[in-house]
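Per-chain numbering from 1; labels A, B, C and D assigned in written order.
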Amino acid sequence: MHLAGTYIGVVGPGDGASADDIADATQLGRLIAERGWVLLCGGRAAGVMAAATRGAVEADGIAIGILPGTDRRDAAPNLTIALATGLGEARNAVLVSAADAVIACGMNPGTASEVALALRAGKPMVLVRPTPETSRFFATVASADTLHMADDAASAITWVSDHVR
Amino acid sequence: MHLAGTYIGVVGPGDGASADDIADATQLGRLIAERGWVLLCGGRAAGVMAAATRGAVEADGIAIGILPGTDRRDAAPNLTIALATGLGEARNAVLVSAADAVIACGMNPGTASEVALALRAGKPMVLVRPTPETSRFFATVASADTLHMADDAASAITWVSDHVR
Amino acid sequence: MHLAGTYIGVVGPGDGASADDIADATQLGRLIAERGWVLLCGGRAAGVMAAATRGAVEADGIAIGILPGTDRRDAAPNLTIALATGLGEARNAVLVSAADAVIACGMNPGTASEVALALRAGKPMVLVRPTPETSRFFATVASADTLHMADDAASAITWVSDHVR
Amino acid sequence: MHLAGTYIGVVGPGDGASADDIADATQLGRLIAERGWVLLCGGRAAGVMAAATRGAVEADGIAIGILPGTDRRDAAPNLTIALATGLGEARNAVLVSAADAVIACGMNPGTASEVALALRAGKPMVLVRPTPETSRFFATVASADTLHMADDAASAITWVSDHVR
């Protein structure tokens, strides 16, 4: 099986994810799979990671989890591949490095670090349904052609489709 | 020489640092050294990294640079110790992990990733002279007892002194 | 697609791989795929990495490449998934951390680091057709129940099958 | 304080270090300090790490510990600087990357990974009092101008002095 592949990172809160975050992440996973893209996420069995994984896998897609720890016990159970990096929080940099574009649903400090690293790397970055505080802040540190604010998962995917190589 | 040590990370823009960022970083470096603390920074010969290093070293302090690349050619020349990690952007996570508290002067995507990782790790975090957008955003993802907004370098150091173990 | 999964790292020289190393790696890739396991390798388009990938993919298996750099341009072209970690040589630790067992074909310094990290982590480790110097050295730092010397790829796979959880 | 600096990594077993390893590491630490070089080590309060640190610090030198975990509780108490990287075993790659040359006393899997990574990076590498198995193996994967076998700590330091830039 060869996946030439476009890899899309979906990032967002684990335990503190809202119902909207979960719904958006599930739909993002499904849409990523339907495009034939690969989903990359943080891999834990919680919140946005678990929801995006479920969405992708239910649509017959591929979901790769980049885990912080040294074993796979806390991985989302339906991941296609779970990679236990052993790097702790430095795994966020690996997830972003491996992705062609990144989409965030919801926000917390870990998510903010991934958004920031994606902007640092100049990767196409979408914030889905950001709060006013989130969108105003990241707009001050990113150029408009790299960072997009999307009203929903579908428009996030459309924008990514136009911006990945 | 034994440095029981409190390690303070100072983070901020390299090439795009403003005059205020440079002035604040220089003063932070000096005040960190005067407290007998160790300065940790990103180590490159630019902007906030170079200014904080100069401030610390001119006050007879210790400045440690955590560099992204595999050699020390682009290190700030007066660093006490320059560590070429070879990790690329994942070195931001190492800098934050090694620090007891983090202070940011100025803002860009790389700096935002370090602020976010510090909040993620629950470390005392100060933003010096943040823009309204910056302070409002990070206030939405951090608790008030972990994140402080400071009007100047001196009050940043006072707050850190009260909050590091 | 859900791959509950056993992940087997295959490591060995890139440019300096011998004809035996290439033949063994190709067969290992095929046998790993036939068992329904996932192949993990260093991902570059050279030597053992490319051969193991080809073997796995030709047998309809999954091959994951853990690349040192920040892009996928130097990845083996038929990898199922190529992850550009951006970590440099620290990616060797990620590959070993993510694997349930590791098999080495051929030897060079990079390969030796992966064998050593696998032994350090207590993972089942097989050396295929090791030189006398290689087998004698690693036998001095590993217990006999963790490290196995195999005469060929097939017996390496049999031993791994008995030793992974 | 400015340390233009040559950084020498000293690696070796922690809990399983022999009396010879401890004596060699202590002397290496002292000789590194007397040359005005900086000692880099794995930083834990055990074996070769603790002994090299003690030797360097008692000779008024600088000892930097590159720790695997996220806090400094298990650091050798007299380190000049203890950096808690949070990277787990990937910290071995950071230690080697940051060093100009590496010296090993004693051997175990973790030490072997550091020796191998140093050879991979083409750094001057000395094995002090290697077993026949160790010296024969590493001689098969390294060139004679990069790898040296030393009978004692003093001759290791002399060879390093001739081979670091």
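Before moving on, here are some points about what is shown:
The rule is simple: contacts are C-beta pairs under 8 Å (C-beta built on N, C-alpha and C of every residue); 3 or more make two chains touch, one makes a residue touch a chain.
Nothing here was measured: the structure is a model prediction, and the numbers come from that model.
Common neighbours of chain A and chain B, listed by label, are C, D.
For chain C, the chain with the farthest CA centroid is B.
The interface formed by B-C recurs in A-D: of the pairs listed in A-D, A-B or C-D, only this one shares over half of its residue-numbered contact pairs with it. Counting C-beta pairs in contact across B-D and across A-D gives the higher total for B-D. Inter-chain spacing, taken between the CA centroids of chain B and chain D, is 28 Å.
Inter-chain centre distance (chain A to chain D, centres taken as mean C-alpha positions): 40 Å.
In chain D, the residues that touch at least two other chains are 70, 86-90, 93-94, 97, 121. Within the complex formed with chain C, the chain B residues making contact are 70, 86-90. Here chain A touches chain B in the complex through residues 87-90, 92-94, 96-97, 107-113, 115-117, 119-121, 131, 133-134, 136-142, going by the rule given at the top. Of all the residues in chain C, the ones that touch chain A in their complex are 1-3, 5, 7, 38, 57, 60-62, 64, 66, 70, 78-87, 93-94, 97-98, 121.
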